[in-house]
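Letters A, B, C, D, E and F mark the chains as written, and numbering starts fresh at 1 in each.
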Amino acid sequence: MRPSGRQTDELRPISIETNVTKHAEGSCLIKIGDTHVLCTASLEPRVPPFIKGSGLGWVTAEYGMLPRSTGSRMRRESAMGKQGGRTVEIQRLIGRSLRAGVDRVALGERQITIDCDVLQADGGTRCASITGGWVALKLAVQKLMKAGDVVSDPLIDPVAAVSCGIYAGQPVLDLDYPEDSEAGVDGNFVMTGNRLIEVQMSAEGSTFTREQMSQLMDLAEKGNTELMKAQLEAVK
Amino acid sequence: MRPSGRQTDELRPISIETNVTKHAEGSCLIKIGDTHVLCTASLEPRVPPFIKGSGLGWVTAEYGMLPRSTGSRMRRESAMGKQGGRTVEIQRLIGRSLRAGVDRVALGERQITIDCDVLQADGGTRCASITGGWVALKLAVQKLMKAGDVVSDPLIDPVAAVSCGIYAGQPVLDLDYPEDSEAGVDGNFVMTGNRLIEVQMSAEGSTFTREQMSQLMDLAEKGNTELMKAQLEAVK
Amino acid sequence: MRPSGRQTDELRPISIETNVTKHAEGSCLIKIGDTHVLCTASLEPRVPPFIKGSGLGWVTAEYGMLPRSTGSRMRRESAMGKQGGRTVEIQRLIGRSLRAGVDRVALGERQITIDCDVLQADGGTRCASITGGWVALKLAVQKLMKAGDVVSDPLIDPVAAVSCGIYAGQPVLDLDYPEDSEAGVDGNFVMTGNRLIEVQMSAEGSTFTREQMSQLMDLAEKGNTELMKAQLEAVK
Amino acid sequence: MRPSGRQTDELRPISIETNVTKHAEGSCLIKIGDTHVLCTASLEPRVPPFIKGSGLGWVTAEYGMLPRSTGSRMRRESAMGKQGGRTVEIQRLIGRSLRAGVDRVALGERQITIDCDVLQADGGTRCASITGGWVALKLAVQKLMKAGDVVSDPLIDPVAAVSCGIYAGQPVLDLDYPEDSEAGVDGNFVMTGNRLIEVQMSAEGSTFTREQMSQLMDLAEKGNTELMKAQLEAVK
Amino acid sequence: MRPSGRQTDELRPISIETNVTKHAEGSCLIKIGDTHVLCTASLEPRVPPFIKGSGLGWVTAEYGMLPRSTGSRMRRESAMGKQGGRTVEIQRLIGRSLRAGVDRVALGERQITIDCDVLQADGGTRCASITGGWVALKLAVQKLMKAGDVVSDPLIDPVAAVSCGIYAGQPVLDLDYPEDSEAGVDGNFVMTGNRLIEVQMSAEGSTFTREQMSQLMDLAEKGNTELMKAQLEAVK
Amino acid sequence: MRPSGRQTDELRPISIETNVTKHAEGSCLIKIGDTHVLCTASLEPRVPPFIKGSGLGWVTAEYGMLPRSTGSRMRRESAMGKQGGRTVEIQRLIGRSLRAGVDRVALGERQITIDCDVLQADGGTRCASITGGWVALKLAVQKLMKAGDVVSDPLIDPVAAVSCGIYAGQPVLDLDYPEDSEAGVDGNFVMTGNRLIEVQMSAEGSTFTREQMSQLMDLAEKGNTELMKAQLEAVK
């Protein structure tokens, strides 16, 4: 029995509100249950030095949590003078994941930065960031296409992500915080269409079998399919 | 004529939504026109070393802007490795302002940290942070009183803040960003009831007279009175 | 009764010794009572990027305290790895204040950096820095004019600053450290001629009325008039 | 055809030289082909605050690359003033992986820090660090057991790691640098005995199917089995 | 012929003004020609952890240059976020040098921190800092002895330092900046009485013989003897 | 009697293994007794700004210790966010020393960076770094000459360094860690051929005479002569 009463293969309620800030080229507030992430896409003039002149585009991401997005207040990273290891790890994952779903030739030599700021956390913030980040990215790209700056759509299938884990001995989909803090084994699965972009299975102080991993991947496929449906609905 | 079409003594529309995050002891999303700030109050066990054992409470504040809260994306302060001078200045102002409205004996030896995070900026973010910060603080204190942890209310009058400046030669109330970026003279006025807590008049590359200052203070008194009404409404 | 025995509207003794270092284009050692600040003006080739090619000049300031300028030794900011919030706040104030008294067209596209280093502190270091900083700036500009690099004087009236506060219930001029550490309300008033540049009234844990503010401004006008006389004497 | 001429399921030559430094409680120099990592285990008196008094042990890891361990010289992280995101990610992975193979009750309340410093890099440094790190850890634990400080062995099965990827359309085991820099899909597989600890499959700018993932896992199981044999040989 | 017209074995004019700041337990402004250093001694309650409870005292030093102490303005180290390598090297030298002249048992378990801040630089700032630093230290110790806190004098002979170098092929004493920037070989000699504490001979892009070194040491002995006379005069 | 049983004028066993890493243009692993330093020379395209266009070459050095190169584990400098004062001091010494032995005209406008990383420390790491650093530098230069990029050899005599000190009242050559931690007086002597490059005599909490200094220099000359023989052997 899950703390939330959900079925083992049941996502939390999804809500994606688009165009929530007036400045960003694309934005959404994604809510996966009580996990709320504000995602913005910023079109930027400069590309990183290593692709200057290549004609290729770039997508990158940054991630942050508001100090009181969590149960007890965390120290503000800007006040500590650096981003923690977890933050760095997550924003690298978001960037890699979104880039894998982009046709960088079609995007052309421009950079889009996705900022994912967690307003309220209840587990699964990195997955919500990827899923919401893609929506913000898509909205920014739609603007570029409408303006004729980009001709062929560089984003075909949505990129979505979901966590799965073994909670109380049972594989479950979309862990919330009470489950996440108990689960010895959990993972994040990033997909586009029915293909995989990234799989991160991790066992903090525990281990798992290939069979368990396979069960979790079944759940992840089901979850990501539903998330992609919500993404497409949001950007219509 | 103001860009927004407002009267010279007219505030932007005010909206204060309370209890917007499930974790914080007090919270609100304050909107002053297009300036949106998420304010949370976190009750914390530790007090600063210099008041340990004094029986006195402490209120402090931190301030941040999301990277794309502004017209063009700003660099994330955590990624730069430090808070900028403007950020430090603002959060010190918020903390001083709120403390001036607190009976620290009545609060008792506990610390409340107010986080003000700007989701969308259109001028006046520090004033909105003080005004919204007081609401979050009040809600947290109400919880303490309900629980019997605090007996006599340490917060009597609301603390509110508003900016005024000389725009196109005319004193105006509550500058928005287009006005703020033009005004040679502007100031922030923090009040509690009809008394002053802080006055910061500044002339970037310009100067002003005592008479002009007096006119701005008249506007500020009018504006803060309206803001306090909205605050009291919100925390009822 | 003030600890120093001064009248409520009496400044501390002022001394401004000019040309105290052989390298700087302009310099002075200003002593306001026991507050001693070494101010230097450095002419620098580069202007900030945002005014390159504009033909406008720039004046900026940095501030520091020697570790044992104070009653008990402070940690050295370079050893701590950053400038504290108070330092940043003060040097921004000095820069803004001096710029307000400069005709940047007349100065031409060059930068002058004012360094204010407190050798001994006894309250009012930021005001002494502004007052002494203007003297150093004026001396550097005189050199530029003598050399024919600047034709029309970009500095008309002196820029001076003084603090006032309510000490033992009474408005007093030019707080020294024993007064400053007791005063619940105090402020800094920056003026040029009889016009205001910056007013910063602050009530740490207290509040004040408009009438009190007006009394402090009367004192500030008197004090700044005397300071400007001393500045003009020094740069003659 | 692989650049090295290896079979698709062939590891590079493995060499594990133990007790290579006189100070560390355990140490080895692991060579996986041209990837050379010096691993040391340091027994430390203090445990992290969050387990103080729990009776549980802790294993943590740090990772670094010598500036010229790579084809072109990298900047030294200590000179840059921070560890890069990749470094942080890797050392968190090493720590998590090794902890998953430790019986922390049997270890008792002590900390062992594993330092993995890459002397020469040719792909797969994080996997070599985990594999060599376990050997250093085991040697340190053997010393504790010999001294009677630990009674029941907290390390049962070795923890080993290997990378696999799709190179030139073909799943291959143990990527070297020329393969790694070409492969669009690759992953790291950490195992203990025949169970999984961590799976990190990543597609930089590409995607993959579940079937491909399964093929890579077959290779990883084969590779880790051989690595574990070498580890057990080394610590005998 | 030296640029200053001095003899090869001639010091610049020495001036040591004592008790120049009202807060420090000991202080002096030392002028060696145009090199001016403000030295303060601060008695501090805490000793470093490694001597707590040992009964031994500690003397340490910090060094800084005001940004415009030099011909062209240097960046402020606190603004750069760290002390440069040269600064760190110099302050370690000052600390070691002064400690060598202290009877740490007689001093008792207390720390004295010497701050050496260069107001104006013209070569030889580290030597002037050591020489002036000892005077500040001595004055602070005299206060401790007068108060009966220290009974037996922990400072017997003065500690002085002077630079020597080979300028235009000739060994010269007490290099000023024009000489220092030309000299291929130079060194700093720290002495107490007629014994050596530290010798740092360095050849930037050049080399020297033992005989040249001997000649420089003869000059250094002569110079330090004169400096010690001035020190003793100053602390009388 | 020395702890190691060596004669007072006896070096520890020297071993210099060359070409130990496949990437660096020159490299060696130098072992002076139990002090082991990995030295690499990296040819780099960019020269420092201050010599751009001068036609002169540049040699610089960086130094680091692996965390467990020492008896008890040191904190990793990259994790602390800065290089300690000792590290900075040492790498400046290595750079200065090696540059003094280079004909920078003959080298031509290119930079060679010497990295000295201590794998195991037992006293004398800075001297071993200079001695080994020269070998790595020489090997890189030989490659440049073989390729015809450099025509006239910019390195004539080897640059070597050795420490000497007064241990148990007796001048001894090449201090190991047990001696170094006891010696009140010790020094580092850098030479090229029979000429001196740098002499750093230091007395931590002690003093010494010119005669003692002379005795140590005799030892240093003997030691460096032997080291240079080993260097020439290694690069043949």
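Miscellaneous remarks
Throughout what follows, a residue touches a chain if its C-beta (ideal position, glycine included) is under 8 Å from a C-beta of that chain, and two chains touch if they have at least 3 such contacts.
No experiment lies behind these values; they were computed from the predicted model shown.
Chains that count as touching both subunit C and subunit E, per the definition above, do not exist in this structure.
In terms of residue-numbered contacts, C-E and D-F present the same interface, as over half of their contact pairs agree; the other options in D-F, A-D or B-C do not.
Ranking every chain by how far its Cα centroid lies from the centroid of subunit C, the top place goes to D. Rotating subunit D by 120 degrees superposes its CA atoms on those of subunit E, with the angle stated to the nearest 5. One inter-chain figure worth recording: subunit C and subunit F are separated by 51 Å, centre to centre, where each centre is the mean of the chain's CA atoms. Note: centroid distance subunit E to subunit F, computed from Cα atoms, is 28 Å. Per-chain CA centroids place subunit A at a distance of 59 Å from subunit E. Multi-chain contact residues of subunit D (touching two or more other chains) are listed as 81-82.
Chain contact topology: the protein chains form a single closed ring, every chain touching exactly two others.
All chains form one closed ring of contacts, and listing them from subunit B in the direction of subunit C gives B, C, E, F, D, A.
Subunit D makes touch with subunit A in their complex at residues 82, 85, 88-89, 92, 96, 99-100, 104, 187, 192, 195-210, 213, 217. Contact residues of subunit D toward subunit F in the complex are 21-24, 27, 34, 38, 40, 42, 44, 62, 64, 66-73, 76-83, 87, 113, 115, 117, 119-121.
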